[in-house]
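Multiple structures are listed underneath, in structure tokens.
Next, two complexes with subunit A in common: one pairs it with subunit B, the other with subunit C.
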Partner chain A sequence: MDGTRFESQVEKHGEEVIEVSGLVTEFHIPEGVVRAVNGISFRICRGETLGLVGESGCGKSVTALSILRLIPSPGKIAKGRILFEGQDLLRSPLRQMQQIRGSKIAMIFQEPMTSLNPLFTVGNQIAEVYMEHLDSRYTEAWENSVDILKKVGIPSPQQRAKEYIHQLSGGMRQRAMIAMALACNPKLLIADEPTTAVDVTIQAQVLELMRGLQKKTGAAILLITHNLGVIAEMCDRVIVMYVGQAVEEADGDTLFDYPLHPYTRGLIASIPFPGRKSIKGKDRLEEIPGLVPSMYDLPTGCVFFPRCSEAKDLCKKEAPELIHVKEGHRVACWMVHS
Partner chain B sequence: MKDRAMQSEYLLEVTNLSKKFPIQKGVFRKTVGFVHALNGVSFNLQKGESLGLVGESGCGKTTLGKCILLLYPPSQGDIFFNGIHLNSLRKDSLKELRPRFQMIFQDPYSTLNPRMSVEAMLNEPLKLYTRMTSPERKKKIHGLLETVGLRPEHSTRYPHEFSGGQRQRLGIARALALNPSLIICDEPVSALDVSIQAQILNLLEQLKTEFGLSYLFISHDIGVVEHICERIAIMYLGKIVELASDIQICRDPWHPYTKALMAAIPIPRSGAKDKTRPTLKGDVPSPIQLPAGCFFHPRCPEIIDICTQEPPKLLTLRGGRQISCHLFREDDPI
Partner chain C sequence: MKNKTAPFGLILSAIIVFICMSASWLPIADPIDHSMAHRFRPPESSYPLGTDNLGRDVLSRVIWGGRVSLLVGFLSVFLAMILGSVIGLITGYQGGFVDSLIMRIVDVMMCFPTLILGILFMAAMGQGLTSLIVAIGVAVTPRFVRLCRASVVSIKESAFIEAAKSMGLSDSRIMFRHILPNIMGSTIVMGSLWVGAIIIAEASLSFIGLGVPPPTPSWGRMVREGVEFLSHAPWVGIYSGLAIFVTVIGFNLLGDGLRDIIDPKLRR
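Right, the complex of A and B next:
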């Protein structure tokens, strides 16, 4: 990432919150070594939203978990540097990580039903965050939880705080999870598919809520999703991932107006969004032929070449690097580089 | 039976279909209430036409699909298939008719028997319903696999050897095996990634023209439905609130719920960042205790007095749009 571009990014948004460079996360399993994340780099500034988009298994969630160092065994972070507030998270002692998790870096998970504890009340679980990180006493922590539940728009928060997760509706559960993530005013909020499990009308509410809270607190957001619509609406910048690698990075509008990588173009063209038929007529959807390659057996050269309609000899031999084609627009494709 | 079938204008006609599931409690399984999954659904489907059913989770889309196939006995209402009254049919006559309507399920992982090879799976319906000889069946199976974009040598494999998209192709091959005229597709692409989703949608589209199929296409994704279907029905709490052509629904929705639903969908396009939009307040009410009057009134932004008291009827406006809302009259022009 070159200096001039980063300066403009800082100018627009303010100080840098996190810098990830050359992150490689591997899983050592009997069948071999799987590189779930293969050399991802990005920076996020205050008040900025970065989107990670890609199909299932492309390493979006593993990237997020790597930042928090929550990679389950047999996985491990093999290479890279994650600078958060000037401190390398990969070299911090675990105790320090524990202090950062949930307070300075918080995460919203996809499935509130499985990531919140069914045996404790909502208020109790949120109060725990305050007690752990701010050393609050229980009564004070409880009041704070009711407060934050109110802030995320849960009606009658006094009552709801005393209820269990199964008593809440899907949208309300996701709000409770957001409340818990925001309890300590995190500098960085990682949202891993925050709206995948909810209906569209509830999704609209949740996205609105996240945007509103970001404006108030100035938190940086790393938004992980497979939904390009959500990306278009939420993100300042977007990284498109394919089998663990970034294939394109651009700001939101550029990505949709001038996508350069064949994979990005294929993804955008293959979505049937409402109103498409009246614009384009009833044509076939564009499809990306073939399947995502197996992680055990990645193709040599460009990882996308077996599915790429424009592949040339060079693509099979050598992997293209993610380089700048324009300010703020990076692409890993030989066809674009030439 | 055939004569009556010739007379019928519609392939499928559903009138006033309702389904409630009892909630049972205690040692004696006493019924303490009902989940009202469907509350008087009426629509029809012409031969070769595709109708989309769209709604949020819990609105009764899947229940409707299963009631039409009589996988759930409906509590009330009539289903006519080619003019034949399905729910008064005897068991053996119904069995005879079953090959004509098939279903494709949502989850390609749990709906294929893991212990049956592809060949065994596709062989079963052919054995039960046709008089083909074994080599004929084998040929048919290979043909089916090619139709859905798989290869004949796949027939000896088991479901776990296939990817999600390929499994969904198997589900489609199974539904096609007995040459049905109606296929109920229950969220056939929602478990798939976008690049694979496009492949399956194109396949469904191609099969429709090739075999003259009719689809009842159930999905929560209005974009997918618009792509496949000519008409779209929007459901809310077990009722159809608006039914119109794909273009009418997507470009010019009338019902306040349809409008809110359309506005809530994020479009993958530039310039969408920080778009503010009217969001619907609150959640879908419980189908156990339905609201009085119009079911949508607690969340409706355009509510008037009558909405809380009287449930609106499904009106057919001029131009064919059907709508269930007090804001509209039968003589309104489209």
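Right, the complex of A and C next:
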């Protein structure tokens, strides 16, 4: 890790909240070993938002679940270190991990409808978090959950707390989910595709809400998405992932203005742009040729070379490392390195 | 509601349960009070369902016998539901070696007919109401274990369980507060379907002499006693048989109806 870059980061934001280094998460299945996350490293500071972007199945969610140590079997965290408040989460006992989950690190899921228990009221489920982590009594916990529902902008929270998840509208559900995650004022909020399941207007509301709450509480946010628009809206820094590896890391503006990795450029070029067709006539939306390689059978050398328009012989032989090109901008590509 | 059999089953079962429960307040004779002067009386006004070989009132014995049969039916199912849910919950949630081991034991137990298992446990524990309930309850537990485990395995993969874990809830809290209520529906349906089957199992065990010891009346014992006199005094055994028939029909209709109501695929 680069010391000077980190210092500038700390200056801009608060102290470091989490540091992930060399995280490798593997799935041992009969067909072989799949490295869903292959050597990811990052730091997030207080009040900072880090975006993880990439196609489906590139290891974004597994990275998030690794932080909480909730990798479903047969997955295993093989290597790496996750420092949170000076403590390595990968070496903490399970009981301690359970105390951290939900109180210091909380997670927002993609689909609030299925992420909340259909048999309990919203207030009841949020109250449970207070009872678990703050040892509150039920009445006190209930009041707290009505409070937090109010904070996330749910109208008549007293009433809504008594309702079941299916009785709420889509935007309300995601707000309830966010309320539950924020119940104990977490230091780190992991948002796994928080806006994928809601429509565009509510998407904007949810992002606005998250940003507002971040300003108030100073929480660090790890935002996982495949929507580059959301990244542009929210993130201070972005890591582009491809088959479990980071291929480019930069701050938000740099990434969109000067994308260096061919994969990043491909992703940006394939964003549909309203009005583009009428301006340029018959132009087709650009795409990245080929498919994401099978995790069982990764190409040797650079993982992206089979789909890369600028691939050379060197790319097939050797994997490029993630190297600094400018302050805070790292790329894993031979084109850029040479 | 379109389903008409469920309310019918519910009413039928409720009437039977109500009559049997209020046996001590009903104006009927003592079920074990015998009188040699009144043997084999056919149904008449003073003995609505006649008397048996010892001059005991058959109506009274059918009602009092129903208490034993229903008690065994309910408590056995209750025992099986509790054991089945807890074992199914733990094995299904934890998985691994213990899960495989317990499920193989369940497989082995399910190879035997419930009645054979019941006989086995009765033989091991001796006669008596408690051992009858425990024997039948344990004999049908494997079916509940299997049902609960299957439900748990599917529910523990759902997003809200992952979310509950990410909120730092402990495993026991997730199991008993988040998963258990979600599997209760199917367990209760299966329980109501098994009440009927267990009443038959109790009758069968009593019929072969492994039920509640005499003179306590139970439907199965009464059918057995009635068999001997079937040609010249059919009322001695036939009414308890009829009672078993009606009760089992009632609970089966109720269970079927509940299943239709709870299973969303069959709704509409």
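Observations
Here is the rule we use: the second predicted complex is superposed on the first by the 330 of 338 C-alpha atoms of A that agree within 3 Å, B and C clash if a C-alpha of one lies under 4 Å from a C-alpha of the other, contacts with A are read in each partner's own complex, and residues count from 1 in each chain.
One rule holds in what follows: a residue touches a chain if its C-beta (ideal position, glycine included) is under 8 Å from a C-beta of that chain, and two chains touch if they have at least 3 such contacts.
Just so you know, these numbers come straight off a predicted model, no measurement behind them.
When the two complexes are overlaid on their common chain A, residue A:V331 makes contact with neither subunit B nor subunit C. With both structures placed on the common chain, the touch criterion links A:E111 to subunit C but leaves subunit B unconnected.
With both structures placed on the common chain, the touch criterion links A:M180 to subunit C but leaves subunit B unconnected. Comparing subunit B with subunit C, the partner in contact with more residues of subunit A is B.
With both structures placed on the common chain, the touch criterion links A:M234 to subunit B but leaves subunit C unconnected. Of the two partner chains placed by superposition, only subunit B is touched by A:D257; subunit C is not.
Contacts of A:L291 after superposition: subunit B is touched, whereas subunit C is not reached. Of the two partner chains, neither subunit B nor subunit C is touched by A:I40. When the two complexes are laid over each other on chain A, subunit A has no residue in contact with both subunit B and subunit C. In the complex of the two chains, the subunit C residues touching subunit A come out as 95, 158-160, 162-170, 173, 177-178, 181-182. Of all residues in subunit B, only 56-57, 163, 165, 193-199, 201-202, 205, 220-224, 226-227, 246-247, 250-251, 260-277, 279-280, 283-284 touch subunit A in the complex they form.
Those residues of subunit A whose C-beta lies close enough to touch subunit B in the complex are 55-56, 169-172, 199-205, 207-208, 211, 226-236, 252-257, 266-268, 270-278, 282, 284-289, 291-292. By the touch criterion given at the top, residues 68, 70, 73, 98-103, 106-107, 109, 111, 114-120, 128-129, 132-133, 177, 180-181 of subunit A touch subunit C in their complex.
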